[in-house]
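After this come two complexes, each holding subunit A, first together with subunit B and then together with subunit C.
On to the complex of A and B.
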């Protein structure tokens, strides 16, 4: 792992975030010199995880099966957000637009155009990715909060557009996908089918995250995160890399949205373009550790499980408690669990209070 | 024509109130680089304080708003001084998430305390209206507009002319240098946030007097504050006033002439277009748009 020579804990507040990322890059590129088994270990774990989840399916009641499916869904969403928000450092606060777009494209394609689900699923992903290119080209020139807010505006605006073309989308009354009779283009998948489909999407998203985190494209994104001008100076086409990252994260999110729409059968703009879905993705990535692959995975599993548990045991106040947990997590683990453990192992500083001092005024 | 005039008057009156809500949001963003997602919940909290004072003690909302302002000033100061300051140097998602968590807490807290029912603060005069030719001007809205504009100008004077205000601006421009000049940055930040919360609470009581509110309305005010702050631009105290009046007019005209709920998309369309073509806002300073966020 990292060496003590990376010179930690010396400079001012402003440089701190950047240094953590620099360590990260050095740590990753060094993996080329690691033994072969270490390079393949994550992939082995991924396959193992997939097998365990397949085995687990037969042990679950249908209610539990739906809960685990929802966890898979958020794993895929968190990984999707991580590509643009974590690796590239562009906080997309309108990510749900891809989710809603994928869902509505599927619903419209299946109910109006008579396409079957699998074609619609693939097409939804492509449409979401193209939309990412379309809005990414103007919006990715913005930085920081401005990008966050512009994407939020796009998502809210898109919801209103969907609300106002009832001929196509059913407007606020929602749209239903035919799942039975001759109208149905694809037979409803049922709990078991959706469990498998969400599992595949989650695995796909994690695999994409692993590929991105280790290849040249991913290093370009990390370089942009650290210093965009410097990245351009070393020959990275920053516009192309950013737009590609946005489109890729849109693709993954759109696929999930498409599956969600088919699972829900009837969808409404308020739910498919719900800001809270975006915020959940962000919270999961940040709590787990943004810019890593393991972080969003752990964050999604932990938070979705916790949220479901709170919903069942503290129905009245579960959102209230969730708010408190988000605040506590952000204060105590601002860099995310995975990055915290990684840095603590290098520096030997495990105190959470030292962690709080990191971003304090 | 009289329909157009009526919509214009209504839009301007509403815009003044929106400006009062957004001016604090814009100040916090400009000075501390924090986008406060809990801003809308301060507005609604202020509305509930005014409502409670009115229904329990019969206090007039235009006096009750002063109490709301004081309470929210204290709440804002404590939140910034001992909570948000802990992560103020973090990446932007951190402050966004922290304030989002606060928003969840406050909105759900209000849901538990006051239920999700729509409320409004009743007065004997706010529903009356003055006739101006063929146009009617509701008294409550006119009063709220006048107060909102006066308070906004008072804030500008405070920031530009007093030592406290200058210390806030100095901290916003260069925190390191400001601290070397003996300004307590933690206190200056807390004061900024407290002022923003107080103005939001004050505006909230007026929102409750001229219309209805419930906890779920908080998100809408946060989004409008965003749009107005971006539209007006940061770094110029009149930005929020310009942005607020403009959004008030756009929404009033849109509501009058556009079918369905297209009017809701209008504000966001304006937002995205302004960000693409003039990221520093209509009257803002380029420094704030171009600045690199740490």
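On to the complex of A and C.
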């Protein structure tokens, strides 16, 4: 079962021309004869977590409830980003385009076309996934920085498109979803309703991450992350796998955007396509541990909670402090908290200073 | 012997700008034979392999696999057609165990394996075959040079190929480490696998090849029986330069 894998080794990374003296970890090493309880443990924990969160709801004030809802929202967003950026290794810096697209599709569908929220939510996910296929086909031919910049461009471009068709989207003045009166297609969900909906989305995203991390498709993505030529040589249709990963990641992000739009009632292009949202997803995944399921979960919870706490206690300098903490975390734990703990447990080396040295280029 | 050769190339070529890395290469490999491909550095050997496996698209000519025209097909289509390869610079999937590295090839390269647990069991058999039976749980980065090359072998064999392309699997190995590789290739050949071996280690080429193809500046210099080819003055000249040939002739006379 679990492997007391290797000690340290020296790896020369030919592709990037960098030298990393790093302890290699074997993510989910397992033999064919893994005990059943271990296989089901993460799912058990997920169900337990869901039950605790359902119980917690009645104990919270409405302000706290909104804070926890926002944490759920970012858990779902971070898990979505992790599928393309973490497992597959394609850092999408325009991920917010799916968020905005989902949000605007929902707003337009509910206010112009009279669709109810639940139909709009599902359709927004599908639209975001299809958009992922559409832009994935050309953009996923690019690697590294080029992919990051191209996706960033798509998100910025989409914001301008939304800004420039006011007849449909309300343009810069925003668009409002009718929530009262006979124009309202779905009754506003309220604090409790959105808490539950974000909880469901977070659970869905974590469950998708858990499935992907262990199934056939996930192994294809991890192979692509390591070496696309080698992945293709063993029969993986790399184009199809990458596009599917981008679409799946877009689907989850689009669902969250749709929910966010309904929660906000009135939405604006500046907020729905805000690059800050992408940056938060990336930072949460990287700090928590990219390419793992637990990493983005912990990263999202920790960062969103911390951000809220700082905002309440150090209102004037909270972004300054948060930025400092993020910088310190990235310097000390460049591989992310979850990967750091895994490596340290295998090598017995817990020193943060040694960790910094190991990953220094 | 079946009608069509396992691999046939017709006028295969690839230009990079003004450079013809591979130029008008035509030959065929009959089923069950081992073809050695040699040539000095830069002769186009790796490009040739990449043209056959679809990692580089040819600019001229054709690649036929078991009679089917697969020119310009994607690497995964070539893999599904029964062609597996190793890479000169080993390309393990890091972050996965040795066993999982092989299991990925079983999942995607073999038909009818859909579940990871099934693939992991079959991976152990492949690892045993190449002599990595006890290292399945290890991380690929912790392997010795020889074991890393064995893993490349195992990843290719995971596909149960009909044709195996080995790109310098013995480079950098000690003499004692080359022997097991040769044994493995002979064993695979005895099972009817067709193999193309790109190699600098002449001892290895002589020991296992039925035919040898010599590439020089992208073109076929000569081909045929290994001993005849390796004693051909043109081949020696291509490898060691004209002055060496002249000196040797003077020395012999």
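In this section, the second predicted complex is superposed on the first by the 333 of 361 C-alpha atoms of A that agree within 3 Å, B and C clash if a C-alpha of one lies under 4 Å from a C-alpha of the other, contacts with A are read in each partner's own complex, and residues count from 1 in each chain.
The criterion applied here is as follows: contacts are C-beta pairs under 8 Å (C-beta built on N, C-alpha and C of every residue); 3 or more make two chains touch, one makes a residue touch a chain.
The model shown is predicted, which means the values in this text are computed figures rather than measured ones.
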_Which superposed partner A:153 touches (first subunit B, second subunit C, both, neither)_ = first
Next on the checklist: After the superposition on A, what does A:291 contact: first (subunit B), second (subunit C), both or neither?
Outcome noted: second
Winner on subunit A touched-residue count between subunit B and subunit C: chain B
Which partner does A:322 reach: the first (subunit B), the second (subunit C), both, or neither? first
- Query: Which partner does A:238 reach: the first (subunit B), the second (subunit C), both, or neither?
  - Reply: second
Notebook entry, point to check: So, A:216: does it touch subunit B (first), subunit C (second), both, or neither?
Noted result: second
* To do: In the overlay, answer first, second, both or neither for which of subunit B and subunit C A:226 touches.
  => second
Check: subunit A residues flagged as touching subunit B and also subunit C 14
Interface with subunit B, subunit A side, in the complex: residues 13-14, 16-17, 85, 89, 91, 93, 138-139, 141-146, 148-150, 152-154, 156-157, 160-161, 163-164, 171-172, 275, 279, 282-283, 286, 290, 316-317, 319-320, 322-327, 330-331, 334, 356, 358-361
Subunit A contacts subunit C in the complex at 3, 5-7, 9, 11, 14, 24-27, 29-32, 34, 214-216, 219-220, 222-223, 225-227, 229-239, 291
Subunit C residues touching subunit A in their complex are 53-55, 74-76, 79-80, 84-85, 87, 89, 91-97, 99-100, 103-105, 107-109, 114-117, 120-121, 124, 136-142, 155-156, 158-159
Listed in rising order, subunit B residues that touch subunit A in their complex are 29, 33, 35, 83, 85-94, 96-98, 100-105, 108-109, 112, 185-186, 189, 219, 223, 226-227, 230, 259-262, 264-265, 268-269, 271-272, 275-276, 279, 289, 292-294
